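Listed after this line are the structures, all set down as structure tokens.
Each of the next two complexes has chain A plus one more chain, namely chain B in the first and chain C in the second.
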Partner chain A sequence: MHSAPTTYAGVADVIAVLVLLTEFAMLRAPLLRSQVRLYMFQSLVVTALAVVVAATRHIDELYVLALLSFALKVVLVPNLVLRLLRDADVDLAGSSVLGVASMTLIAIGVSAFGFFAVGSLHVHSTALPTTALAVAAAVVLVAFVLIILRSDVVSQAIGFFSLENGISVASLVVAAGMPVVVEVAFLFDLLVAVVVFGVIMRVHHGRTKTLSTDELDRLKG
Partner chain B sequence: MSSVLVVLIFAPFAVGIATFFLPVRFSKVVTTVSGASSFVLALVLIPAVTSRSHVAAGSLLRVDALSAVFLTATTFLYGATAVFANGYLDLAKGAAGVRYGRRFYAGLNIFCWSMIAATLVNGLALLWVAIEITTVVSALLVAIDDTDGATEASWKYVLIASLGLGIALFATVIMYYAGTTVFGAAYDLSYTKLLAGAGRFPPDVVRLAFVLAVLGFGTKMGLVPVHTWLPDAHSEAPTPVSALLSGALLAVSFYAILRYFQIAVRTLGPTFPRNVLLIFGIASLLLAALYVLSQRDLKRLLAYSSVEHMGILAIGMSLGAPIAVVGVLLHVLAHAAAKGTAFFGAGSVVRKFGTKDMTKIRGAFSALPWSGPMMVASVLALSAMPPFGLFRSEFLIVLGGLSGPRGVVAVLLVVLVTLAFFGVSWSTTQMMFTQDAQVGSSDNPGSANPAKGEVSTSIVVAMALGLVALVVLGVHPPSQLNHLLNDAARELGSRR
Partner chain C sequence: MLGHSVMAPEGVQALQVLTVMLGAPLVSGAISHVEGRLQGRRGPRILQPYYDIAKLFRKETVVTEESSWVFLIGPVIAFGCYLIVPLLIPVLTTYGLPLGYMGDILGGGFVLALGGFAVAIAGTDSGAPYAQLGSSRAMTFGALIEPTILFVVFAVAIITSTDLPYALAATVRSSSAEMVGPSHVLAAAAFFLVVLADTGRIPVETHSGTLEFGMIDEARTLEHSGPPLALLTWGAAMKQLILYTILINVFVAPWGLAASGNPAAVALAVPSLLGKAVALGLVFAVIDNLFSKLRLFKITEFIAAAFLLAVLAVFLFFAGGG
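Showing the complex of A and B:
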């Protein structure tokens, strides 16, 4: 337990890295549809982490949470966004400010920053896989890169949802004992946020006939 | 007393649901009653809180002196805004107007409910949940006018504020982790527990959590450089919503930061948390004071003035002197009243002249015999003129600053506030007092001089309520309130 990482820590780290890689994949996905699918996959991986934590640390409430997060983040949210895409009849993501290569380089830079910054806190713990926490911080930062550099409402919304996935990873590894009522409240909040994002995305599409945010430059100063 | 908390957490929500189905003329009455009675209930809580240190209902609801201050500010604005909205709303005839009225009143009540809930809940996690609800509800309210500007503002708002709250959620998770080192893997994030154990939390972890919380909740509070959604949302939202966003929502977000501050000073000592707030505060005050100078849009002007006042709050906390902290808490109350009144006046002017562009509004002082002078009074109040509450609060803050080791900061504060005063008074004076010599001519057809007369009595009543509150806060705050502010300031101190 003290020297070699436990199976649990290993699994948690692998899953955190998978989430980060999915975030990078989103960054380069040219089709909005594939971006939503990547989000679906990412959420599935996070759900798997919840199951792993529940099983290895014997926290039965986390099974409920995993079930809810599966229903919400793997089924409901992606389907809502996909329906919006079908109605809007748009598939290509708006051109991003930078090319894929520069975006990836920036993302590598910020994720390294997040990883080492949180890593340098020396969050020492025998029971907790602290590497996964550092990777989760990297996920959050890459989500920011995605949101800043993509200029369409779907990518930005998916960026926000995946940021939430990153925080879910962090919360599963360092705050697994959080009362389940709180976790459910978080998920419920996410649901409400998704609905509101959906409403505003539809209003936006209704007014501008596009999903691009390029025209949102009227208000300044 | 705990039943008061239960009523406060259920009634506004129930009213919100009911107003979605009721005809608008009933909604107006019900909302006003709900707002006024929430304010009365908040006042009833004040003596209870000061005599018993806190009032709790179950493990989930708890009001202490600190939350009572913010609860009072929020419920006051709830009531005043309900009165104002009754006069301000100008619903179209037919189904569209009915639909708008229903959505508006349901949204208004649920928005106020979520802010009230944020001050009532006991724990950082539930606090985050409540503030996230304020975001999504108010984003819908910003979008409700369905114009290009409203759509743009609401998208920016929901995205930027949600990202900020994403960071705040990260802060919550990290603070939870800090707690696990003392309480073991499973505990609730209640304030009492966190404050009791805060002295033994790992400092680096708390430092990270505090900075993330200031950045995250600071996004909702409008601290520079994460304030960018604020002027857009405030200017494009319906005016009653702008008043609530500015007077209550920003304050509630500040309340969340104070909760983290409370824990951080116990773990880290006061220096680090104060320095963090100082940096954000100076940046906010400086940038807002400069932006105020160049505004043409009346509601954007008031929005930047809010950024300025949030900067004052952050700086006041960073000064550390207990008297400055009392000033900060009084400032929260006075700012709610003053900014509410100013937005009500702006609503009156905008309805009268049909534009927010201050270069097209002339002679508003005489065109609006009651709300014109009261608008001028509220602007003077915002600029911290006596006899209004903001004078007293800023005086306390500066006094606390000059008596402590950070006298330079207090001087800087006075300079920047004066700069902002110049900006705000310059443009409003022109709008209120200049007669239409150069405008209203053929090149400026939008500014036809409207006939003299008020838009609505309700607007005048709402503004009068705000000014009365400001004078009371400025001239002679009730002793119970002083007691409350002192208690709250003591709760924010580092009792280590």
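Showing the complex of A and C:
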């Protein structure tokens, strides 16, 4: 089934935009659990994007990648984080330095930078409309905003994981035919990050009885 | 006989105004009927808004001693504004009518805003605290939602290189690719949220509530009675239908419009518009039942979300994804 290229470009762009919108939703999600669920959804959308690219461009390796990313990012990682949250059992509402409207405005400004920076690069790709690349750059930058402005370990971990989602979108745009080994290496990186963040969450919670990083302003233990 | 004749453009234009004027209470009635059904009530009759308006026109007008003529002239001005906007937007036809080029989307927005201003100032002039509170809030949130509307207009303007509503509707009709283009989808979604806020629907306001503290638009008219209240109620229904028409006929589904002055086609466009408006109203009724009202100070978050969608629509266009 091969749809018209313009419609395909539109659909792919809409999917990429969905990833960006989920990133913004994570920024405002008050509950840590809902943030993890948003990450789950975002990963699902990235997987869908991989499937769309694979089906339209006939790149079979991407199916393998989609399967792996589904297993890891939609099932394994969110459930691990949710289990950690269940064990921690404290302050389920994340903290943020600024109000939602101000955070959104800052993130809009930052993503504008991403859009126009990538727009001036003139990258061309055969697999995807390059708009998706600009969106991916915006996703990465908004993930940084999330990590910086939210002061709890879970948001920072989720920010880091979703940053990886942004990079996945970018890699689908720039190198749809990238060797699957490289893609799997990315996913392995993610696994390492999950382990690291899991340890951080446990240690942090064990020491301060909270997940908020606001407590980390004292030098003595 | 009818099939061969062609209606004068001026006649069609007058019919656009009449459609909005006479159809608006029907759409409101259908929405509140369905809303009642969704809440397990029988709901009011679909024609109830007509009876309400007729009843109010027969009642006497009560004016407080503190009020001036502004209190009485406000509803009339607002009603006049809502009669002008249907001249500017594609209500029944795909092609621009003689007065259709009098103003663009921004022009229509200004006329709508003037109507809102007239209602607000009439509410303020009543001297009653709740009406003044409503006017003040309506103006505040109106100002906050304005950037979103502007960015939606920008998005429309750069997609079509013009800001005439007819041009965007024609662009949308021209290809399905345009429909799924991210800029267009985002601008349409942002405008959907704007309509939700501007018609006083649930995440922003409980439109059928009686609790004054949560009111925004509703509170402005608390002090009016008799024919002025009838004009305000009618005007609110018209404003709602106008916003629905812009959302439907410019952004989402500009089909079923008359492509020529053929009387049969024009006659078919009237039920088509009202049908689409009722269908859209059902979506709003379902949203009404699914979500709870936001706290007053959380409304900025809702507006920030709408603004985000509209800004992204413009960004995406510049990033090449129009």
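Note that in this section the second predicted complex is superposed on the first by the 202 of 221 C-alpha atoms of A that agree within 3 Å, B and C clash if a C-alpha of one lies under 4 Å from a C-alpha of the other, contacts with A are read in each partner's own complex, and residues count from 1 in each chain.
Keep this in mind: a residue touches a chain if its C-beta (ideal position, glycine included) is under 8 Å from a C-beta of that chain, and two chains touch if they have at least 3 such contacts.
Quantities reported herein were computed from a predicted structural model and do not represent experimental measurements.
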{"item": "Superposed partners chain B and chain C on chain A - clash or fit", "value": "fit"}
{"item": "Three-chain overlay, vertex chain A: chain B-chain C angle, C-alpha, nearest 10 degrees", "value": "150"}
{"item": "Which superposed partner A:Ala112 touches (first chain B, second chain C, both, neither)", "value": "second"}
{"item": "When both partners are placed on the shared chain, which of chain B and chain C touches more of chain A", "value": "B"}
{"item": "Partner chain in contact with A:Leu20 - chain B first, chain C second, else both or neither", "value": "second"}
{"item": "Touched partner set for A:Val140, first chain B, second chain C, both or neither", "value": "first"}
{"item": "First, second, both or neither for A:Asp189, with chain B first and chain C second", "value": "first"}
{"item": "Partner chain in contact with A:Thr213 - chain B first, chain C second, else both or neither", "value": "first"}
{"item": "Touching partner for A:Phe160 - first (chain B), second (chain C), both, neither", "value": "first"}
{"item": "Least Cα gap, in Å, left between chain B and chain C after the two complexes are fitted on chain A", "value": "16"}
{"item": "Residues of chain A that lie at the interface with chain B and also at the interface with chain C", "value": "118"}
{"item": "List of chain A residues in touch with chain B within their complex", "value": "57, 118, 121-123, 127-128, 137, 140, 144, 147, 153, 156-157, 160, 163-164, 167, 170-171, 174-179, 182, 185-186, 188-189, 192-193, 195-197, 199-201, 203-204, 207-208, 213, 216, 218-219, 221"}
{"item": "Chain A partner contacts - residues on chain B that touch it in the complex", "value": "123, 125-126, 128-129, 132-133, 135-136, 139-140, 143, 146, 148-149, 151-156, 158-159, 162-163, 166-167, 169-170, 173-174, 176-177, 180, 184-189, 202, 204-205, 208, 231-232, 235-236, 291, 294-295, 300"}
{"item": "Sites on chain A touched by chain C in the complex", "value": "4, 6-7, 9-11, 13-14, 16-17, 20-21, 24, 28, 99-101, 104-105, 108, 111-112, 115-116, 118-119, 129-132, 134-135, 138"}
{"item": "Chain A-facing residues of chain C, complex", "value": "175-177, 180-182, 185-186, 300-301, 303-305, 307-309, 311-312, 315-316, 318-321"}
